[in-house]
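Next, two complexes with subunit A in common: one pairs it with subunit B, the other with subunit C.
Entry: the complex of A and B
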């Protein structure tokens, strides 16, 4: 009961923030009502997907300060679980998504235990390694299609199929994902009000002090990592039915892990709205650069240069990202 | 039975012996001072008792239970809390949120943790700081907050590490009152490391002196102040003449 109350309790945010958020939420709901291009729709769906990835990352990476660069492996676990179960056994999405989350969380415990014995840069590098190893395994594993990947044929399932989530129009995917997005915000709002959320923030601040306050630092990190994993895996499952072509490279590459972390850092690691702000800036930018600049001028990879610049800017100007900058301005004015 | 019993505690860092066969007892309800020159091993002793450092040899009994080798959070959950000398807060938690983290050790409910934090902040005179970031408030208030965080875990015993360092005499008076309040009114047994003699000699029932990792003296504050070994090792020849 209290958990539910905490999830809906936004009273610690200033009223102006909540008004802005409310207006943006209304705009998101209303977006498909205006005429849109398929490119704009695809970008919006990407924005929502990466917002939720970022929310997940933000629990352990932002509130907990553990820079995790291996989230893509859980995109892969979610996507592959849903795709394999659908193709081989015709299991609907609503079953395969929780199964995928369960597998991903299980895997996160297995690797989280040794991972969180490491600190700082060593932790970050180890997360990259675990993700790449899993990707390599999937590339040679025939059961999941190896490097060819898997293909969900929409012809087999006459759309709209609400059980398997096979639709012809993107608008269905959009609204479904928007619902996930709002649920995600509520879960994060619960998390940051929860005992675990407080403990993670104390851990980020100083682990020795956190321990002296009775916090089992290792276990608290593992639990939060599992929560982050559940977010990523759920959207990974969505990725499978939405994209329909599932390859190791598209789901588990380092690019995706980096992008997830980067967005949250740009928007503001450790704040409720940070990952959404980050995704709102980076995803349209990335889509635009890829679509026009990249193809036209042969500037493939310009997005990578941009990421590097952003990382440098964030760490030099304001480690707490755009949200931190706004917060600092507000506090400065308030005094 | 003593609340805390340290038996022949030894701690080596490589070839350096930071604590050498230290033994002492603290009874429930006592307020014990721990003094000694810099590098005497006082903070190391706290780290060993609180489980932040593994000990090389020796035993630590808390309330009769052997807590040697327990992890720091397990020691804390048994009711043995501590503060830290230098605490560079970088996070974005407010004063009240920091104290809530302590309170969350005993409850999973945010409402209860918040109510407890508010009560403790009131008790320690920090009510008007509750909404500020820890980094924004002056050092004396920060020291009080670290004590409030520890008190929020409802400890039976509290280890205070130099809570009066760098404070002016008026601020020391404030800290002295707070320590007495925690000890007397909240019923917490206290060991405090302190260089400010005006504080430690005034509030302590008993004083333990360390030098070069060894316990060189233990006794009532006035005995310690006139102990030739302590004067030689730590207090200096002038201490007895000017203050005692």
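Entry: the complex of A and C
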């Protein structure tokens, strides 16, 4: 009950913020009502996916200050669990998604226990290492299609199939993901107010002090890491049924992990709206740049060059991201 | 017959290890001096590889003669990266430093993709290409690898001398030990940081120009070497130069284990061992090694920083 009340308690944000958020949420719900191109729809779905990934990363990376660059391995676990279960045993999405989350969380405990003995750079590099090891394994493991990956054939299941989530129109996927998105915001809001959330912030600010206050630092980090993992894995499962074609390279590569961390960083790590702002700016920018400059003008990689410049600028000028910038502006005006 | 394979693998591992040690040297110097991890390290290597390749092909030069040029390019690159970018990162939290150098990595990689395209390129000419030297016991070594290893050791020794036997080197060490104290003693620590990045860049581009003689280059080659360098630096101890050399040899040997495993399984003929060729996990072992080293001995073999 307490948890539920916390999840719906937004009273610590200024009223103007809540109004802006409410309007934006209404716009998101209403978006498919206006005529849209399929490209715009795909971009919106990408935006929602990455904001949920970013929310997950934000719990451990933003509130906890532990830079995790291995989130892609959980995208992979979620996606592969759903795809394998659907293809081999015809298990519906609503069963395979929780199974995938369970597997991912289990794996996160297995590697989280040793991982969190490391700090700072060492932790970040170790998360990359574990992610790469898992990717290497999946690239030779025949059961999951090795490097060829898996393909979910939509012909076998007459769409719309609400159990297996095989649809022809993207709009179904959009609304489903939007529901995930709102649930995600509520969970993060709960986390923010929970005991664990406060412990994590204490750890970020000063780990030694947190320890001396009696917080079990190691265990708090592992629990939060598991929560972050559950987020990422759920959307990973969604990725499998939405994209329908999964390979180790595009679910588990380092680029995905970095992108996830970047969304949250750009928007503002450690704030509720940060990852959403970050994804809202970067995803449309990326896909339209790729479309206009990459595909049409033949400049490969130009989107990522711009991306890289944004990361460098943000990290050098305003490490707290756009949310930090807004906060500073607001406080400046109030003074 | 099995002994041949073993000796050949050991020799190959040691030779590649010497080059890898040079790759990791820059990373350990930068980390030692200013506590920042450079994720773009492998991309610096890629820049060195492209420099060696393009100059050698464009000017029809002997590839090994491009080394001084690669060193200059690397030094300027490192120096510029510090003064135009990394300097500003130092004010921010660690998260910003990590992602900042990550941004640098993405930038260099995709600039290479834009200018040079994504295909593999390799050098096919030169004095040493295609020749091999017999080392006795039936072991033959490609001349390019042997030359690369020897030159890498030379460069390594030169940097060691620079750090341990010159005034600049002493200043660099002082900055590493205590930057504030060094500043009080009149050492321009900002310039020392820039120098560390310059040396780091120069050594790794030299390694790149050596590697390109027997290793094809594409814009994505960097990540593998970044991870290899991290592993070497973790094993040798963050900030330790002699540690980096020994750890380089060890990691070079680790990369040869899968090959030995496969030839043993071929010789013995056990089905279950041959089902999955270990060579496809060649670098997985290196990542695992990093993980295990960090847990078992976070300071590394010779580390003094934690």
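Things to note:
What we mean here is this: the second predicted complex is superposed on the first by the 335 of 335 C-alpha atoms of A that agree within 3 Å, B and C clash if a C-alpha of one lies under 4 Å from a C-alpha of the other, contacts with A are read in each partner's own complex, and residues count from 1 in each chain.
Going forward, contacts are C-beta pairs under 8 Å (C-beta built on N, C-alpha and C of every residue); 3 or more make two chains touch, one makes a residue touch a chain.
Just so you know, these numbers come straight off a predicted model, no measurement behind them.
Counting residues of subunit A touched by each partner, subunit B versus subunit C, the larger count belongs to C. Residue contacts after overlaying the shared chain place A:265 against subunit C, while subunit B stays out of touching range. Legend: residue contacts after superposition of the two complexes on their common chain; A:6 is shown touching subunit B, with no touch to subunit C. In the superposed model, A:177 makes contact with neither subunit B nor subunit C. Residue contacts after overlaying the shared chain place A:125 against subunit C, while subunit B stays out of touching range. In the superposed model, A:214 makes contact with subunit B only, not with subunit C. In the superposition on chain A, A:193 contacts subunit B only, with no contact to subunit C. After overlaying the two complexes on the shared chain, residue contacts for A:61 are found with subunit C alone; subunit B is out of touch. Interface residues of subunit B, counted against subunit A in their complex, comprise 50-52, 71-73, 76-77, 81-84, 87-93, 97-98, 100-102, 104-105, 107-111, 113, 146, 149-150, 152-153.
By the touch criterion given at the top, residues 2, 6, 193-195, 198-199, 201-202, 204-206, 208-217, 270, 320 of subunit A touch subunit B in their complex.
Across the interface of their complex, subunit C is touched by residues 61, 65, 67, 69, 114, 117-118, 120-122, 124-126, 128-130, 132-133, 136-137, 139-140, 254, 258, 261-262, 265, 269, 299-302, 304-305, 307-312, 314-317, 319 of subunit A. Those residues of subunit C that touch subunit A in the shared complex are 37, 85, 88-89, 92-100, 102-107, 109-111, 113-114, 117-118, 219, 223, 227, 230, 234, 276, 280-281, 283-284, 287-288, 290-291, 294-295, 298.
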